[in-house]
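Following this message is one structure expressed as structure tokens.
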Amino acid sequence: MIRLTQVYKAYGAQEALKGVDLEVPEGQCAVLIGPSGCGKSTLLKTINRMVGINAGRIEVNGKNIADYAPELLRRQIGYCIQGVGLFPHFNVHDNIAVVPRLLKWPESHIEERVKALMEMSGLPDAYRLKKPRELSGGEAQRVGVCRALAADPPVLLMDEPFGAVDPLTRERLQLAFMEIQRALRKTVVFVTHDVEEAILLADRVVLMNQGLILDAGAPGKFAGDIEDPFVKSFLGSEYPLKLLKRFSARDLGLEKLPEWLEAIPESGNIVLQSDVSLKEVLSEMMRLGLHAVPIESESGRFVRVEYDDLANYLSEVSKL
Amino acid sequence: MRKTSLKARVGLTLAVLGLVLFPLGTFRPNRVVRGIPLNAATLLEGKSLLAAVVVLVIAAGLFVFRDRIRNSMVLYVVPWLLVFVPGLLMLLLSQASPAGESFDMEVARISLSSGFWLLFAGILILQSGAPRGGILMTLTVLFAIAVPGVGLTPHLALYKEFINIEVTFYAELRRHLTLSLTSAAVALLPGILLGYVCHRHQRLREWILGAVNLFQVAPTLSLLGLIMIPLTYLSRNVPLVADLGIRGVGFAPAFIVLTLYCLLPITANAFSGFDQVEAAVVDSAVAIGMTKRQIFRQVLLPLALPVIFSGIRTAVTQNVGNTILAGLIGGGGMGALIFLGLSQSATDLVILGTIPVVLMALIFDVVFKLFEDRMTQRVGVAHDSLDTGI
Amino acid sequence: MKKHLILLVFLLILTLVFGTGCSQPAESPAEAPAEQPSEVEKEPVVVATMLDSEGSIFGKMIIQVLNANGIETVDKVNFGTPDILRKALENGEVDLVLDYTGSGQYYHPEDATDTSIWNDPQKGYELTAKLDKEKMNLLWLTPASANNTEMIAIKREFAEANNIVTMTDLAAYINDGNPFKLICSAGFAENSMGLLGYEEAYGFKLKDDQLIILSSGNTAEMLKALSEGTNDVNASLVYGTDGALDKMNLVVVEDPAQVPPVYLPAPVLRGEVAESYPEIEGLLKPIFESLNLEALQKLNAQVAYDGKDAAAVADAYLKENGFLK
């Protein structure tokens, strides 16, 4: 886990971080979000000592990072950036294998690991010998993620990694990341300026402005009343709607809900499945012009989901 | 229908001009006097070889304008036949002797004149536009060297000069190559390191680049003169230096000056090579946990290598030319021939010294370019992060 | 495929060059001595001369004679420019050079205050030899009797047509307003022991349009211009032993007043080497004494104009005159 205590950083007269406290428990993904220049990238980079701090203390897994040589520290921390930065003269395999080779892993072990990572991130095995210039943006970033995870570091730092691709690719990458995180449960610090991305990926959303943390909490927390006007305006008035995307119909607890008794509405649409997001459920309601829609649960039951169910769920989540 | 290429037409024009308008050779009764020009008309009388040459040139014309006539595949043979023209012409010229007085053929000689060189150049240019041009040109040059090389042209001035100093010629050629290549090789490591320092330290950058530029700008001869003073002092007062064979004149000063001259292309190219590595790549390398040395060896250097190689190419080709000056200070090389020829006003000796230098420079340029291209391919262009797709 | 071919050709050429060069070591080979086996401890004598045909001839002659008498040599004939040569001698990088007696005025300028001695063949030589021996341990051996100094050459027909034999005649010709153009080097034109000395001694003065000045002292170009009449040149600077005089029907205008300094070619030997090989002086003396102006002109002509190999020309001369078997 990561703990930052009163971290302070100034570039000459300009203060980038004005005393930041942050704790990220193990296995959680904290997303730093805020306007440009708020210091979120700077904060991220203090964790792997790409940026030095003037005051304060940073601990990873209980140990002060200042006690380590920077190179050794960084080999224990995965790092993904927007530009990916794959080595153009290495193929995919060699790019992913960089840190394991630095750590002197045996080659056979490295090969297994590369194959496993590629499978996990959805890259076909045929790509292993390709050079970065033969990959698309999305494929390259997947390789970047594999490279960051190659040596199985406990901590992963990601600096707007999906910012440079088109929306469709971005969504696919986000889903891929969520899969990986679900499987590996790394301690992740993720920087983005995209609120929706934060909602999707974060266990904890951390809002920053002008070098300070303004607020932090589970994504659901911000669906309720927000006092700070800046936070409110930054997250936007559509926040609850965006939040709906994070949860699926399944999260409502379909077994407890009543059965759909009427006939299935004729509009040529397929009945919604239990894995659709709540946002889609709401959309369907609006499309059909109804206050309730049928949803097929895993057991095959057709369940009745009402608008109120959605509203109640949101209100519960916001109290967490 | 492929259009007649520009190269083919230019080549043909030059060749015809050379053949018709200018003298092909000069008959000199002795080594120094201006001689009697020999042009195609004087040579034509009864010489079948020349007739063959003329026919070939006409054929070349047909080849060049082949699509205006019928696009005959047969004409593609013509550039290959042209390979033999310069060599055959040299053979022909060697046998020429003007009617009238008799000459002491031991002393008299025939120099190759502007017409010959124009014809040669024209043929090469024409071939460069034909398919497999590189091979054609190489063969033409090789054949032109081989004909006198096996002794078929005893009266050609170049051949006479060569035979006179054959042993010395090869020794000086070796010396020339050794001097040019070793000085470039020695400059390589310091050049790359200096380039790296420039890359990392903004403040030192101007000083270093300014210093190596100074060596480039200063006239070679002055540098040679300057270097000789401390070297002389050292060789007289420090026994170790003298034991190593380092003296104020000869190989040592030439070597030092040439090495300094190579520093600019290598340093500047190394610096720019390191700089053009994408920031994202270097960032990742740092973030991954590579030490500075690892970053240099595994990331910066391999990615900068194509650009560095281009610098080496410049350094070597420039060195081959500069080494000529070593001849003035006892360093030998082709310069010894050139300056001796200049002092005796014997143009053919000067040409004998110059041609190898030109050929060497060209060969090195081509070979190094090949390596450079191969390296660029292997390193590849860094990925464009704004690409769309999966 | 094309790339490989070119690479192959390149390697082939490299091999050829180095292969043929490999039979020779990096330095020019020490030629094998003919008679007695050379003594193992003694170093070979490094012989070096200037970058011209006279340098080639003298250099090869010396080497051939020394070798024939059991002295190993290292061939550095045509080493470099005169100052480079002198520096190398002073450094000990070369052991035996061919120099000219008149050069002494440049080597020890402080001691040569009386410039008139340079016009006397004997006095100039003696002073230079003395100074070099005392200060630099360099020995000047017996010089040749050919004064290779700066003179003025004209075409033979021109001389006969205008009755010009000596510089006095030439001065009269010029002062009568006849067409005259001299081509020479900058060094000669500005030298008080050169053109200025001639002008003063014989009472004439050349105008700017009667002079063509070249920056180098390379007389081959000048003599070519004279023989072809380029730019109306009808007189040229020439060195006494220049081969052109033989070949191009030119004559030297006699200089009874001995204006320019006397330049006799002489071997100069480092003192230490003379101690190891005291016989060198004796070996070279008769050869140099035999070489007078006409002999040298002929030899130079053979090398510079006939294009013969200097080693062969030297060898022929030595054999004809009994210095070599």
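Just so it is clear, A, B and C label the chains in written order, and each chain counts residues from 1 on its own.
Rule of thumb we're sticking to: contacts are C-beta pairs under 8 Å (C-beta built on N, C-alpha and C of every residue); 3 or more make two chains touch, one makes a residue touch a chain.
Computed from a predicted model, the values in this text were never measured in an experiment.
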Requested in this report: Select the chain at the greatest separation from subunit C, using centres from the mean of Cα atoms.
Outcome: A
Report task. Taking the mean of all protein CA atoms as the centre, name the chain whose own CA mean is closest to it. Result -> B
Query raised in the report: When the centre of a chain is set as the mean of its C-alpha atoms, what distance in Å lies between subunit A and subunit C?
Result: 89
Query raised in the report: Just how far, in Å, is the C-alpha centre of subunit B from the one of subunit A?
Result: 60
Query raised in the report: Just curious, how far off is subunit C from subunit B if you go by their C-alpha centres, in Å?
Result: 33
Report summary line: As the complex stands, subunit B meets subunit C at residues 30-34, 104, 106-107, 109, 134-135, 138, 157, 160-161, 163-165, 167-168, 170-171, 173-175, 177-178, 228, 232, 235-236, 242, 247-250, 327-330, 336, 339-340, 342-346, 363, 366-367, 370, 374
Query raised in the report: Which residues of subunit C touch subunit B in their complex?
Result: 2-3, 5-7, 9-10, 13-14, 17-18, 20-21, 24, 26, 28, 48, 51-53, 56, 76, 78-81, 84-85, 87-88, 91-93, 218, 220-221, 223-224, 227-228, 244, 247-248, 303-309
Query - subunit B-facing residues of subunit A, complex - result: 48, 50, 70-77, 79, 81-89, 98-99, 102, 131-133, 135-140, 144, 147, 164-166, 169, 172
**Report entry** Touch list for subunit B against partner subunit A, complex
**Finding:** 278-291, 294, 298-299, 302-303, 378-390
